[in-house]
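We just call them A, B, C, D and E in the order they show up, numbering each chain from 1.
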Amino acid sequence: MLDLNLELRQGPFTLQGPLTLDQPVTGLFGPSGCGKSTLLRAIAGLARPQTGHITLNGEVLFDAQRGIHLPPHHRRVGLVFQDSQLFPHLSVEHNLLYGFKRLSPKQRRFTLAQILDLLDISHLLQRRPRHLSGGERQRVALGRTLLASPRLLLLDEPLAALDEGRKQQILPFLRRVRDELRLPMLYVSHAINEILYLTPHLAVMEQGRILGQGPFLEVIRQDHILGLARSLGLENVLQVTVSRHEPDIGCTTVHYDYHELHLPLSALPLGTPTWIALRATDVALARQPVTEITIQNQVPGRILDLRRVADRIVAEVDIGVPILAEITVKAVHDLRLAEGDTVYCLFKARAWHYLGAA
Amino acid sequence: ADQITVFAAASTTNAIQDIAALYQKEKGVEVKTSFAAASALAKQIEQGAPADVFISADLKWMDYLDGKDKIVKTSRRNLMGNQLVLIAPKGKAFPVKLEKSFDLPGAFEGRWCSCVQSVPIGQYSQQALTALGWWAALEPRLAAAPDVRSALAFVERGECAVGIVYATDAKVSDKVEVLATFPSDSHSPVLYPAALVQGAKPAAKGFLEFLASSQAAAIFSRYGFTVIK
Amino acid sequence: MWSSLQLTPEELSALGLSLKVGLWCTALVAGPGILLGWLLARVQFTGKAIVDGLIHLPLVLPPVVPGYLLLLLLGKQGPLGHWLYDMWGITLVFTWQGAVVASAVMALPLMVRAVRLAVSLVEPRLEDAARTLGAGPLRVWLTITLPLAAPGILTGLVLAFARSLGEFGATVTFVGNVAGETRTLPLAIYTYTQIPGADGPALRLVIISILLALAALWLSELGSRRVERLLGK
Amino acid sequence: MWSSLQLTPEELSALGLSLKVGLWCTALVAGPGILLGWLLARVQFTGKAIVDGLIHLPLVLPPVVPGYLLLLLLGKQGPLGHWLYDMWGITLVFTWQGAVVASAVMALPLMVRAVRLAVSLVEPRLEDAARTLGAGPLRVWLTITLPLAAPGILTGLVLAFARSLGEFGATVTFVGNVAGETRTLPLAIYTYTQIPGADGPALRLVIISILLALAALWLSELGSRRVERLLGK
Amino acid sequence: MLDLNLELRQGPFTLQGPLTLDQPVTGLFGPSGCGKSTLLRAIAGLARPQTGHITLNGEVLFDAQRGIHLPPHHRRVGLVFQDSQLFPHLSVEHNLLYGFKRLSPKQRRFTLAQILDLLDISHLLQRRPRHLSGGERQRVALGRTLLASPRLLLLDEPLAALDEGRKQQILPFLRRVRDELRLPMLYVSHAINEILYLTPHLAVMEQGRILGQGPFLEVIRQDHILGLARSLGLENVLQVTVSRHEPDIGCTTVHYDYHELHLPLSALPLGTPTWIALRATDVALARQPVTEITIQNQVPGRILDLRRVADRIVAEVDIGVPILAEITVKAVHDLRLAEGDTVYCLFKARAWHYLGAA
């Protein structure tokens, strides 16, 4: 739905590259100073690229050649700023209502009450931004943009200053926004688990360039981005389909190929293809199936590769898909593991996490 | 060379400038001048300003300094006089008779211009109009200017149908016409007194005398002043 | 001289007139002052230097000069004055409305400068934020730029009112000194200073001026505290 | 009247004097203006309203009144003038230094207001940050508050210079109208307007004034762009 | 070294309570708006409490009764602000040097080059703060405060806007600052792993009150703070002593009581008591010791308690210390687990993380 290709120079820095967002949510990931905020500003219309184009749902927002540069207020693109940018002269209430009150009731996708409740900011309504804490400011900024009901939501580290508890409250809400309102988002965060909670789709930037883009698994497997997955501890991502829910025993069963996996209970409809992820450190290997153990998932496979990485060994096991397991050197010695051996991969149900529907 | 300072009322600017230049050329005495409203000059002298000669546009500010013993009484003399004229914007002249029988208030519409009664011309105007019996009717229609030059400007621009100014001012303006000259007995005489300020430099005395010379008189009359014999 | 604390009718008239002219001048200068201040702070356009220069002229010239220029322009025979009279029957010379115009012209540069300063200190990123929330240029201007520049607008209005209270040269040159119509406090004071020994009445008027100014300042302080609270300080 | 584009000696003298008085006035007003502006913006003290009122007086009174008060205070017989002369041999009346004082008094309120406005818009949290980095009040003031208020200081200086260029009433009342000593451009213009038919020379002087003002404005624009760059805009 | 007890009212909010910091680093943890930043401002001298006192190394910084309020610049307490507060009119270089250049060489604890290098900001030296990205600003702010060489460092979410890579670079540096320069710190963060990396000592705040303070384990076990540990996924914390390093097999062995545990290789000196932590989801239970498996740690224990929590079961197993294991209902059924049963707890070596020296 969003398609762009542009070049934007500011000082010594150049932002460059094509990007196509065709997913409900795309995570934007990259080191500090790589140009994420600048990209969002360009999409919102606050920065004007020197060349290129930006198209949203077929509508041209920017086209250097044709001299088109739709002003920000005609784009209906919401931007939650990294540094909140609340209006200091307005109360929290009027900050929240700033974009909202101009909308016709039909255009409104949230009510004030909903947002207040979700973000837990009702008690702040009469305050001035100056009298808010860092996290409170961030929540109000998020609420303000949501209430403006944009057709594309650009989020610049919206939860960075929030505690775990609040994040756990807001992330599911954003997921509902994604699913129920079908509001597409571009989500900048340094916390990959936040991103993966919302989407398996990722764009990775470095030094002003978009290095790669697509499903998480594909992106991070690309040679030049490889370091990323490791540093995030999310080396294994599988696409599976939901086959069974057993609420009484808190279990959802999924399958890929002919294998079944037991996962924590989820609310995904049966038959839904979904992405799940697992850290390499959460995979154990055994010679035989293990009985009388709480580890539910034991999948046979063949060791493709054993690599020593620093003080540990990374094993790549083919269980239909390649799985990375990080194990100690001692374990490899004790079990006398070798390439080509058949092993069982053991995964605890609760070590998996859902990345969202594929 | 000697140097003296002359404080002169603004309305004498042109004449005094010329005379000062002439004096300087002939006597080699440098003459510094300060032109401002007589009121301002008098207050400055009262506060000890380093003036040697004071030339006022009317008697009262000279009297004021006299009363405060700020001038050399014996040196005081009236240098020249002036006349009061009734003017109208060029091309808007109408016949006027300066007689009680004439209805000046009814002869024009709108406001007339002169100065506030606190400056001399304002006072002379009031005296003259009172003498002719028109004051009561004209007083509310007065648009006063701070000085004669501004009053003249109002008439020049046609803002006032008539104005009362000095003959000297009317003379140089080509945008006004003189309707009549007020008889000199209709108001106190318009006199420009001069005097040495207390503590004046000796060289100042010569300049004061030069002001009474025929050379000076020629300059005064060139600018329309009446020379006092 | 203090024989009576009661104001004489002339004093009352001058005071009332000064107040009226001051308030109208402030009102008149507000709109253009805000617009021009913002324009000079934010918009690049050809001829900016000229507009800037024109606005400052009344400040850099002795007041009688702008007064005289107003007379040339807005007098009965002036191009604009002529038109005003023919079209709308408006006369400015010798009327209090003219006094308002004269002091507005003198006060404008002060208003413009103050607004310009405040606008230039407004964080443009806040305007950006408003734009992404769907606000068009006008709404951004009205709801973000102006309120954030409010301290400057207030300062400008105070300066304009004060300048108007003290304005003498341009007023007297343009609209004369007509009792009850254009004789504001400064003109009344001037009248007394021309009379030897009338220091007493002049001083009374000076004191009335000062009290009026203090009252205005005090009001503006209240306003500025409100503005500060508004801005969340 | 345009017979010669060359300036006459009188014109040159008035121009030079205006420039000299303007620059000195600006310099003289800078220190107290910054200090008072900051004081009024940031410090609560008893008598603040009175200081505020006093500073504004020259603005709200017709210029001849402050001029006359200066004459009373700083004249040879004035309490302060007497002391200045006895102690330091300084005479202000009828000297260009006096003209500087007169226009400084008239310009002070403008300077103070501009600085006050800018200081009130400086983010106090930045001052907090400086304090935690070990900077004492003076260093915070010099390195944070003042530089961030620089646009206001610049605006104040421009207004002060401009006001000085146009100052007439207070100057003529306090230091008279002495050619070569106190006859600045406005006084020279006045002198010509007192001479019937001398509109031509008066107009020449007006145009010289305007050109001088434009040059000053242009310089100040350069300065303000520098300041904006300094502030990282 | 820092001792305070104060009450500070601002608007409807009251900050209250005693706090004693006697550890090299204390983590300050609490939900958004609970008063963390306000507390730091009070310690730095930027906010003045209504009552109470603040003492640093025996020196009275504040004492309401005695009317003492040492101004901030005499406290030598460094504060890295949540929103960086860089000086907009100074270049990055001059921002960095602001506090530094006034110090005598003897007082300086870092060189500019060191800081530039560590924070990777050399290329930004001539820039204005306005032209920096969010993360760049945060790094400069940190550098500026470090260069001012305070005797107490207050850090308000200093790494919130940074990517994982940069965090991994800066955290070890902060640990070196702690150990080599013995510069005490109060570290506010919502990321408990950042805090635990620097210190096991924690102060927990809620609604303006300091709820508890002390070693992490003790604090989070307090009833009223219990929810915290769960929300952080750090339910198991053990104090252990390092007994052996085996670099060749990438293993460090530690012991508690008479048990041994195999952990990833660490650099801790032998004999050091240290804190290690493990998520409840990382514990598997088996009826018997399991052979031929890469899971190194298999510790026998007795099930004290089996509690159903939502869709899952939390088992408390006594292995010398109580350990929480989160397992599926299905597993409990399959293994017919009951309270009192003897089971083996299986922990992967790499699932443990070090919290730092005790």
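What to note about this one:
By our rule, a residue touches a chain if its C-beta (ideal position, glycine included) is under 8 Å from a C-beta of that chain, and two chains touch if they have at least 3 such contacts.
These numbers come from a predicted model, not from an experiment.
Looking at subunit B and subunit D, the chains that touch each of them are C. The mean-CA centres of subunit B and subunit E are about 91 angstrom from one another, to the nearest whole unit.
In terms of their C-alpha centroids, the spacing between subunit C and subunit D amounts to 20 Å.
Computed from the mean C-alpha positions, the centre of subunit A lies at a distance of 58 Å from the centre of subunit C. For this pair, subunit C with subunit E, the centres built from the Cα atoms lie 60 Å apart. For subunit C, the set of residues that touch two or more other chains comprises 64, 68, 190, 193.
Residue positions of subunit A with contacts to 2 or more other chains are 131.
For subunit B, no residue reaches two or more other chains under the stated contact definition. Which chains touch which is summed up as A-C, A-E, B-C, B-D, C-D, D-E. Those residues of subunit B lying in contact with subunit C across their complex are 37, 39, 42, 60-61, 63-64, 111, 113, 116, 118-119, 142-146, 150, 153-154, 157-159. Considering their complex, residues 10-11, 30-33, 35-38, 82-83, 127, 131-136, 138-139, 156-157, 160-166, 168, 190, 192, 231-232, 246-251, 262, 264-265, 281-282, 284-288, 290-296, 310-313, 325-333, 335, 337, 346, 348-351 of subunit A touch subunit E. Only residues 41, 44-46, 71-73, 75-79, 81, 85-89, 98-99, 102-103, 128-131, 144-145, 148, 150 of subunit E touch subunit D when the two sit together in their complex. Residues of subunit C that touch subunit B in their complex: 64, 68, 71-72, 75-78, 93-94, 172-173, 176-179, 190-198. Within the complex formed with subunit C, the residues of subunit D that make contact are 49, 52-53, 56-65, 68, 109-110, 113-114, 116-118, 120-121, 151-152, 155, 158-159, 162-163, 165-169, 185-187, 189-190, 193, 206, 209-210, 212-214, 216-218, 221, 228.
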